[in-house]
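Have a look at these structures, which come just after this line.
Next come two complexes, and both contain chain A; in the first it sits with chain B, in the second with chain C.
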Partner chain A sequence: MRRNWWHAYALAGLVSVIVATAAFVSYRNAAFERRELGRATHAATSVSKGLRPMDNVVAAYLVSPAVPSEHYEFLRERSVTEADGSHRRLGGKNAGPFDKRIYDAANQYDKSGPFVQLVTDTDYVIAAQPASGGVAVAITTPPKGPEAFPWLVVLGLLVMGSLVCAAGTLVGGSARPLGLALGASGLAVPTFLWSGLVIALFLVACSMLIAWADWRGSLERAGRELRKGGIAYAFLTPTAMAMLVLVGIPFVVGLGLGFYNNNHGEWTFVGLDNFIQILSGDGRSLSDPLNFWFTLGVTVAWTAVNVVLHVSIGVALALVLRQRWLKGRHGFRMLLILPWAIPNYITALIWKGMFQFEYGAINSVLSTVGLDKVNWFSEWSTSFASNVATNTWLGFPFMMVVALGALENIPSDMYEAAEVDGASPWQRFHHITIPHLMPAMLPALALGAIWTFNMFNVIYLVSDGRPGGGTDILVTEAYRWAFERGERYGLAAAYATIIFLILILWTIIGSRLAKKDAE
Partner chain B sequence: MNRRAPKPISQGLVYLGISMLTVIVLYPVMVILKKAFEPGRNFATSVSPVPTEFSLEHFENLLSSANSSGDLLFLRYAWNSTLVALATTIVGLCLACTAAYALSRFRFAGRRFGIATFLAVQMFPGTLLLMPLYVILHKLGLLNSLLGLVLVYATTAIPFCVWTLKGYFDSLPKELEEAARLDGASSFKIFYMIMLPLAKPGLAVTGLFSFMTAWNEFILASTFLTDDSAYTLPVLLKSSVGQYSADWGLFAAGAILTSLPVMALFYFLQRYLVGGLTAGSVKG
Partner chain C sequence: MPRVLTLLFVFLLGCRADADPDSVLLWHAYSGAEQDALRESVARIEREQGIKVRLVSVPYEAFADKLTAAIPNGNGPDLFVFAHDRIGHWTANHLIEPLEYYVDDSIANRYAFEAISAMSYEGSLYGLPLAVKSVALFYRTDILKEPPSETNQLFAMNELYTHAWDGYPLVYENTNLYPHALWLHGFGGSLFDKDGQRTSLATPEAVAALTFARKLDRDKVVPGGVDARMVATLFNEGKAAMAISGPWFQNDINDDVPWAVATLPMVSDTGLAAKPFLGVEGILMSSRAKNKDRAFAVLDALTSDDDAVFRAIAAKQIVPNQAAYETSEISKNPALMAFRKQLDSTVPMSASPLMRSVWTPYQNALLKVIDQGDDVADALRSAESEMKSYAEGQQ
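What follows is the complex of A and B.
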């Protein structure tokens, strides 16, 4: 026996009320603004024609053009025509309460022509219209209390809808989903009047979807799941809400920004232009550091070289540190993980100093040995190598510690048994050590690759992209487009989206490979 | 392999190699130590990592430098850093502990999706969200405010805390909960009266790690904070060795004071970190 019809109807009704309320509020605000702006414009036009404005107008004047003050030439004065035809200078001793606003409005009119605007923080509407002998300025206040929410309409429609829905259920058969869809779509009619066809159709589609889900029994199953996991969902809710606000919203905003262009704070929709510009290389040659594909190549090379170095040095050290005969191996371990303990921006800044041309420690070592000093950041290869050296220095301890942990878990009798069976050291390494090492190293490798791919601090602080942006990786490139090359926020957001897609792709491929490996 | 030691000559080679690596690891640290206690602004004046002169002038300069209104800068930034890191930790732990418990103990529809989401958000770097966060904070007027920075840090702190705490709850025995349930305790009571007290060590370790992460964060802080009264320590250190005027002595002194506490913490906690990081990726 299927559950009562009103469960599904309540869900559909809730969705409808939320959407309809949003539609009504936005419609009301827009209508309010339109009406008030129109009223202010009308008042200004009346003044310009020499008529008296209507009520609810706070101030309306014919304002004269600005003329230099008699005493001080840099001051520019304006005067207004009072109702009795006399003239009064704006500002000064007996200034009215709105003189400053009127003066500013007249200035804005001189600069950019007729306008009307809502001053949101003070609830005034200001309009300026052309008039003979100056400009007509009117300030109006909107009446308090905007239009009330039409509770009666909404309630009535909901009750009517519930009747239709109940009737459909009584008839039974395919009348049930039909009744539900029809009844729940009721609120689409006023929504159509408030916000147009698209939103209304969306409501109808929602109702139909819910009716269909109810018909299929999916709603019932979802309800059962929800009840079963009720406590778990209660525990999850605070975190989920926080994540939605703190991560979800910026994420969606970031995805959206990629389709816009920012020009001094003005956002214009440009569709796929940013993505096309990035992926086509923007007409630059492949060897140009600003070409996306060049940066991608550098990033891949950077990740590959680093991960290979981290893993090989880390594993080699772990194999050595495991040997019982090595004296002071705990001391060595403590010293060798030091780079991991230092905050990585400090490490990067230290190495930037080490690679300095004049006083850097590395050039000091070179000249002590009798070699020439190297200008590390003037060539791509040496600059790239400096970044790699820094990142290897700070990155290998993680791999070493992971490998040590995995090696400690190998039971030593395995080696003894293999030795008894006459296995050579190489065979023991190949058949015992490597298979035990892999399960721990693979996830560490995936994690390390993602970290390196996005290692902002080292690139930004050590080579800073020198020479000419050549050693920049994708994340630093995106950052520069946003904050160092004319606030191209849209382009930077598109870059971030592309980086995100690459990472997703890499994660999917990685987990597929891991699964295949496990089988 | 483990049993018999190799020939002395290969042992010698191993000692040589590992000692050289240790020297390479220690050298930059020694140079910075030397710089901190040696007068002068330049990075290195000789190859030797031993200071020729000894003075505390860099530390004195660092601790006594003040802005126009008389605030002691280093102390002020240290206070900012502490405040931001503490607030981030508290927000992260409070919001994460219930979710971590739910993901660890309950089976419900959407659990796998939840775990995958937390893992993905924790893995992907904050720099990807930097742009939209900047635009949003700008709109809200929260640039240059420590509150804004805490909100930004929470985006990575919450998933990190959820993930590590879940690992800790997984390791706790289930018997106590079952006994309490038989005695008629509600789920919330079990969580509040039994699980949270049991998880204290896990909460402490997770909290310390998220404190360290916030304390060490550089790029978001230096992008969002442009007013020098709101700086945190990393922003100060970066600006002390800028493009045009670099004072490496000041930097070295600041780097030591800034990183010593977190390095001590790191050595104290490192064995927990590896377990958490790799266990997470293996099971996910």
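What follows is the complex of A and C.
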């Protein structure tokens, strides 16, 4: 049994009204702006001709040229001619409420000629026109609000549309979708007048799509589905909205920024230039730390070395902590988790202090035992090693905790059975422990790799890229382009996009491998 | 359902950050004594003028980024305290308001000419100065009777300590351009061409200055790899007889340390005075300030002569107000007068947007030469090309 025709029509009508309203509002604002800009310009021109300005003008003056101060080249005064022909200095103790705006407008005129514009945060419009003996400035407000929403037109078209739609349903067959599409498209006519052909065609296309969906019965199915899971969708909505605002929008904006170049706040579209500049290495040799491929190599090496160390140290410690003969193993476990519990930037700063050349703890120990002090951050290898040491300290507890959890779940009778069958400790480790650890360690490994790949704090705080940016990884490089090298936000966004793509690739490969392993 | 909606509404109301639209919002990066003094000044202005002022402390490292992000969206401060050297950059981004509508000669005359001029850029005035900052020479009077008058004396001072582990004659952040610039100027160099439009980093003077800085490090006159915190620690522990730092350093010195301030020594090789950068810290107005007349009233009162005298004593700031140095409280303070004297041989930091691209490459050159032992001229040349590549797409 088909549902009532007016359900589908209500949906199609709603979409049409939304599109038409958007079209109307944009048309209305543009028309309003044109009208008001014209009025302000007209008022300024009247003043320049010595005429009395018309109504709704809040201030209109003939402003004198700027008179520079005798002692300071960056100070200057201006005055205006009052209605009675007297002159008054702008500003000072007896300043009028619009003095500042008039003064600024005259300055802007001196810089870039006649102009008219809406004033941000207010409903004033300000215009400046040339005049003999200075510049004419007028500030106006709109006499009446913008055009009202044409309720009658919209309502009338909706009612007419519903008749067409109902008629189509009565005839039946393929006349039903035709009537629905035609009826809901009525609003395309005023939309065409307001915003042109493209938006009107979009509205028609929406109506046709809904009519087609109704004809195929998809609308009905979707309605049933929604009613069935109604409460679940209602609960999901707030989270979905939050995700959209906090993650979705910044993500899309970030992707978009990569195609622009920022020049002192002015954005210009540069297409793929940023990506080309990054991926081509920008004409630098492969051994130059500013070359993308060098940084990528460092990042990959950094991730690999760290993850290997984290996993091997974490698993080794977990194996030791599992032994029942170990006294106070709960205490040790607590202690070993501590590095993870301390905020990582504090740990990073402590390690940075320990690597300090003159008075750092490590060099102090070295010189006490009679060795030379090492200038840790002056060579790539030692600087990289300092970062790795810090991050290993930060990273192994997580792997240890995961491994401990997995080890707890291995049934002890398997070991007993293996022992009875004469398996050596190595065979037991290889055939029982490792296969049981794998399912827990693989996701942890994938996650650990992503964390390490983007471990901004350690790199930035410990080596800070020294020597000469050589130990920078991709995220710190992106940061430097944005905030330390002339605010090249576009380039930094392109870097971020590339990092994202690499991590997506890694995730896909990782999950494939895990799947294969599970088979 | 109505209850949920009410809760949501209350929550949204609570989210409105700026509860009082009539107050003037002032951002600053001050801490310690300077912050206390600012608080007190603001309390006095609120009492006297009946204007509410909200002080927000923003960490220095994040200050500029937060401003650039917040002001265009209308969420920024009405006024903020910052050094003059970013004015060129901010005018290009239309972040700050020109003040010549408010300021006439009688206000401008309050300050030393260099100080108010530093707050101007391309024919407009963008702020009023609060404090001038340059480094000078701090020395411990228990270790050193007389500060050196020229740089050659520094190398003879190693005998102050029996071996290098005990301490160094001098400490300063030798891989930071800000203090290093005093040698650059002392060797007759400059970061910019004569017309101030383009940078030139790899000049013979710059090479001489950097070679000299390396010699200080190699001859163990200064320790390597120190940051600002360590400068204070070494000086306080007596492991450095002298420190090069600014007025803010006075607050970092422990009470039991006998110290004095002197002007920086002459560079023996050139006979020129070592001239540090002059930074002028001022109050600037956002181009999106809510009520500009009211914001300026606060700005004016905070930079007045009375307030300057108060700040000079309470926060040990070197104030630019000329009248302040005629009061007996300040003219009797030797440290303030020494900094005042150092002011006469300083080089104002450039306010050009180019200046911003100089710091990181120059820092890298300093690190390369002093830490890694690279060739001086090579390091400066690569800093020059590094800077050019940063500025690409910015021109």
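By definition in this document, the second predicted complex is superposed on the first by the 461 of 519 C-alpha atoms of A that agree within 3 Å, B and C clash if a C-alpha of one lies under 4 Å from a C-alpha of the other, contacts with A are read in each partner's own complex, and residues count from 1 in each chain.
Basically, a contact is a pair of C-beta atoms (placed from the backbone, for glycine too) under 8 Å apart; a residue touches a chain by one contact, two chains touch by 3 or more.
This structure is a prediction, so every number in the text was calculated from the model and none was measured.
For A:415, select first, second, both or neither according to whether it touches chain B, chain C, the two together, or no partner.
It touches chain B, and chain C stays clear.
Which partner, once the models are overlaid, touches more of chain A's residues, chain C or chain B?
So, of the two partners, B touches more residues of chain A.
Just checking: does A:74 make contact with chain B only, chain C only, both, or neither of them? Give me first, second, both or neither.
second
For A:467, is the partner it touches chain B (first), chain C (second), both, or none of the two (neither)?
second
I'd like to know which partner A:405 touches here: chain B for first, chain C for second, both or neither.
First partner only, chain B.
After lining up the shared chain so the two structures overlap, which partner does A:194 touch, if you call chain B first and chain C second: first, second, both or neither?
In the superposition, A:194 touches no partner, neither chain B nor chain C.
Check whether A:492 is in contact with chain B, with chain C, with both or with neither, and answer first, second, both or neither.
A:492 sits against chain B, while chain C stays out of touch.
Between chain B and chain C, whom does A:90 touch in the aligned arrangement: first, second, both, or neither?
The answer is second: A:90 touches chain C but not chain B.
For A:325, using the defined touch cut-off, is the partner it touches chain B, chain C, both, or neither? Pick first, second, both or neither.
Only chain B is touched by A:325; chain C is not.
A:357 contacts which: chain B (first), chain C (second), both, neither?
second
Determine where on chain A the residues touched by chain B overlap those touched by chain C, and list them.
Touching chain B in the first complex and chain C in the second, residues 356, 358-359, 483 of chain A appear in both lists.
For the complex, which residues does chain C have touching chain A?
It is residues 65, 68, 72, 74, 89, 92-94, 98, 100-105, 108-109, 116-117, 120, 123-125, 223-226, 230, 288, 292-293, 353, 356-357, 359-360, 364, 367-368, 371-372, 386, 389-391, 393-394 of chain C that touch chain A.
Where on chain A does chain B make contact in their complex?
225-226, 228-229, 231-233, 235-236, 238-240, 242-243, 246-247, 249-251, 253-254, 257, 313, 317, 320-326, 332, 334-347, 349-354, 356, 358-361, 364-365, 368, 393, 398, 401-402, 405, 412, 415-416, 419, 425, 428-429, 439-440, 443-444, 446-447, 450-451, 454, 456-457, 460-461, 475, 478-479, 482-483, 489, 492-493, 496, 499-500, 503, 507
In the complex, go through chain A and note every residue touching chain C.
Of all residues in chain A, those touching chain C are 69-77, 90-92, 95, 99-100, 103-104, 107, 120-121, 261, 263-265, 282, 290, 356-359, 375, 377-379, 466-469, 480, 483-488, 490-491.
What residues on chain B touch chain A, complex-wise?
Chain B reaches chain A through residues 1-3, 5-6, 11, 14-15, 17-18, 21-22, 24-29, 31-32, 42-47, 95-96, 98-99, 101-103, 106-111, 114, 117, 120-121, 123-125, 127-136, 151, 154-155, 158-159, 162, 187-188, 191, 215-216, 218-219, 223, 234, 237-238, 241, 246, 248, 251, 255, 258-259, 262-263, 266-267, 270, 274-275, 277-278, 281-282.
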